[in-house]
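Note that chain A is present in both complexes that follow, paired respectively with chain B and with chain C.
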Partner chain A sequence: MASIHSAVLDLKSLDLLANGNSTIHRLDARAKVLVTLVFILCVVSYSRYELTPLFPFFIFPVVMISLAGLPTLFILKKITLLCPFVLAVGIFNPVFDREILIQFGHFGISGGWISFASILTRSVLTVGTAFILVGVTGFTAVCQALESLGMPKVFAVQLLFLYRYIFVLTEESGRASRARELRSCGKKGQGIHSFGSMVGHLLLRTWQRAERIHTAMLARGFTGEFHANRLSRFGVSEVRFVLAWSSFFIFLRLQNVSQLLGSLVTGLFP
Partner chain B sequence: MHMADALLSPAVGGAMWAASAGTIAYCSGKVRKDIDDSKIPLMGVLGAFIFAAQMINFTIPVTGSSGHLGGGLILAILLGPYAAFLTIASVLVVQALFFADGGLLALGCNIFNLGFFPAFIAYPFIYKKIIGNQPTTGRISAASLFAAIAGLQMGAFCVVLETTSSGISSLPFTTFAAMMQPIHLAIGIIEGIVTASVVSFVYKARPEIMQSALESRPIGIHPVRNILLAFLAMAVVTGGAFSWFVSTNPDGLEWSITKVTGHEALNGPEQGVHATLKALQEKIAFLPDYSFRKTAEAAKGVSIPEATQEHQKTHPEQNPKASQSSAETSIAGLAGGTITLGLAFLIGYILKRRNQRTPHGFNT
Partner chain C sequence: MSHHIVEVKNLRHVYPDGTAALKDVSFVITHGESVGIIGANGAGKSTLLQHLNGSLEPTSGAIHIGHTPLSKGTLPDIRRTVGMVFQDPDDQLFMPTVFDDVAFGPLNLGYTPADVEQRVTEVLELVGAGHLRDKPPYHLSGGEKKRVAIATVLSMSPDILVMDEPTNGLDPFARRQLMKLMRDFKHTRIFTSHDLDMVLELCERVIVMHEGEVWADGPALEIFGNDTLLAECRLEKPFSMQGCPICGRKTHAV
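So, the complex of A and B:
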């Protein structure tokens, strides 16, 4: 309960970040969505034992955080709550893949540990850029960008509706849940019976709310779509942003920059 | 249960993305054409309800842990398959963006695993069949239980398939399946019980809601078949395109055209970036005496092939020279990787400092 409550608080603070006014914030949302997608595709396209070629990609989240002035600690904290499923699956790599790939004197590193590290790195990169995308763009703008990139209108309306009412309904259910906790000292009465009727009531109230909302919308002339006032446009700076970053990512993908730099300092060209 | 970017290959992720996007487009068309306007706010608010309901836990008697409502099945029961699929997908988009559940590429997988099975398989073929024409509380409970279990089993199996065919995790297929299926059996039973208790409550309180959802006929003659066909087509086309584009390596999905070209470039230092860098390197290499050729021969230091070259890993004896040089490149890779990381963060630091001095930062 507490953790989900703080998750909702986190959601709010992440959403508030999008109100910033930096060079990155001012870019059209479509440019940022496109660059993020190219980034993720490039990162996940490495094979499982490739670890160091992933490192240069950190430059993108770092530059975005710095230019947009996002709170670094907040983003780091969010990233450290890595999807537990990734950890749970990844940790089996060292178990099943024990062939030694790198040997430092007596100390060998198995392929499993390398691929585990690679999975963690991918996870940090992909999850981090998703957070940064929301932080510099905002959910509404991301939805509008996706819609103009071809997402069906019905789905865009659905996303906007959902997002608007998450805050309203989670507060309502948070209150109900707290009230039940206070009344059920010693944990009695938190079982499935009270749960069923409580969630059921919440559902009925939600249903009635939807009917009221629909009536209100009809009264305002709703015909099935939202008319958003779009202020930004895809201009020269957006084209530059997309081209520059995408070609940089593709360059990183084609040239192992870590390798080149490492060869430079160790003097080891084959 | 949520699939994640870090475990996916682009071919699998892209195919599932295309498939889910296609299904969303299909369902959007259906909802727009066939369902009245009043469902639109209902879908949105019910999606938010799923978030809200997940904040309310209940204690599971014996284990002492707590469970909460899942999403897919109850939405299918209340909204019917098409609207439910869209609602689940929207919930997953928010989870991917704000809660790091999975990631943006894995979104396609997640929408399919958690949306398609409850909405288009478990609901029409299990739930509706058990309920029949005359719902009773007992039937609702049994139907919810079986449908939830079946939906989750199929979803979990799909996670296993997606993970193993991506080839990033080393988990063998059977081991992974043997872990996932029982875990999701337990989760499915809990979700089934929870769904049953909420649905029975709604049925007692406002039976007309349930009745109208049950009576809404599936649109089209073979909705599931159409969706499956569309899905298959999208998956095959995208997967095929991706594989064709990226796979120069015959053994499966461990592809990468660029890895190959990268190494070719490394072997051909006479031209391009390498030549320039080699000239540069002679001037600035600050560890020039650290010769791995000698240490490798002396069987000390680094002596085994580079991590990235799997074919060498499997046949090291065929190519001792390559293994030696790749040991060097792997050390170079590590050193260079560390340097690039340092550089990346240095650039970030400098940009941040500069930003703080200029007035247009994050200041409004």
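So, the complex of A and C:
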């Protein structure tokens, strides 16, 4: 449970990063969400054997981290948390896809390894930028931006509630699990059975809490309408931010900049 | 006519599982009174409170708030009149930031954004939480959460303040702060609590609940002086009336 607990603490500290006051932090959340969406779309749209055109995209996270003053190591650690999932997804590619695509003298690299590397690079890029987005904007502002960009209100409210109560729920489950551990005296306890009923209890407790929250909302005049009371403006700097980055990403998508650079260098030094 | 009168007549509530939590409860609380509702666990205190703003419907009996009977039609009005502070502030603070949470009620009441802004700033200052306005609720300590929870209710300018276990889980300093806040509220106040010293300090009148009934109703000092009654209802004297364990001196004369 310690790991879940520290994961939640990390989530809190990611959220606290959003209180910063850099040029990037001050931009309207919608601009940052839009740019991140364009970025992710461009990155995931590559075919699976394309690896080199992805590298120039690292400019975006690097620039964002340095302009916003985010702790690089912290973000990197967050991304490595994801590695086991990516490995699970991609690890069989080299086994099944053995066709040699690149030949370095006697040494050949199969298509499987290239697609695996491509999956890994794309995951690091997309997940990294998503973390950076939350770090420079805050989860709440991201939800509100998504809503004002046309995401149905129901989803936005769901996400906000999920985020609000994930802390309460993990604390509750952490306590329950610690109590179980302490009473199983270092052994397995009753194994999976006790976990079953624990999860059941958590569900029931969540249900009860949901009812109490609903009562609290009704007590304060809730009629089904969430009023947003946020003043934000989509000014010149936002338009510039969105246009500059989006056109840069689209340019990278259409032109293989790595190859261009490569041929430039090899052209200069034949 | 006063908005601040609470009248409960022959209230009875039976939960769907057949437990009769309230059997026959009647009392009248008038304008400006500060009333403590005390009793053992399961005596029906929380169930009673939940009736006062219509969160639970009575099985039989009636409730009048400021001479208006509590019914489906009058519910929105009554919920503005009766401000309810829940026992667990995590149930009450559900919005992304403290500001949004305090603004939730006023926005539902249809205040203009400028009014909401002013109202929120005022009540946050009042509860000493002005510096927390942009923080998310999960970054607050227990005492801060409680004060913000009270602010969310005060922002709707209620005529009657109802609080379930307000000092529960607070450190001594936060408890003192909260008690001062409640003393300064000039309208009708109704608390349930096991913190009998708080009840003694804040309430002139005490209602003792026992097994779903009103067992006693009278001046706080009189009730806390009645040892037989307290023992019957699984209660005891507030510490300040029990005398110092070392020298035996009492704070409150009985």
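Here is the rule we use: the second predicted complex is superposed on the first by the 246 of 270 C-alpha atoms of A that agree within 3 Å, B and C clash if a C-alpha of one lies under 4 Å from a C-alpha of the other, contacts with A are read in each partner's own complex, and residues count from 1 in each chain.
The definition used in the following text is that a contact is a pair of C-beta atoms (placed from the backbone, for glycine too) under 8 Å apart; a residue touches a chain by one contact, two chains touch by 3 or more.
The model shown is predicted, which means the values in this text are computed figures rather than measured ones.
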Contacts of A:140 with chain B and chain C, given as first, second, both or neither: second
Which superposed partner A:168 touches (first chain B, second chain C, both, neither): both
Touched partner set for A:86, first chain B, second chain C, both or neither: first
Touched partner set for A:253, first chain B, second chain C, both or neither: first
First, second, both or neither for A:110, with chain B first and chain C second: neither
First, second, both or neither for A:264, with chain B first and chain C second: first
First, second, both or neither for A:219, with chain B first and chain C second: second
First, second, both or neither for A:96, with chain B first and chain C second: first
Of chain B and chain C, the chain that contacts the larger number of chain A residues: B
Residues of chain A that lie at the interface with chain B and also at the interface with chain C: 15, 19, 160-161, 163-165, 168, 209, 213, 217-218, 222-223
Footprint of chain A on chain C - complex, ascending: 50, 53, 55, 76, 79-80, 83-84, 86, 88, 90-92, 94-97, 100, 103-105, 107-109, 113, 116, 134, 136-139, 152-153, 156
Complex contacts: residues of chain A adjacent to chain C: 12, 15-16, 19, 140, 143, 160-161, 163-165, 167-168, 209, 212-213, 215-223, 225, 227, 229
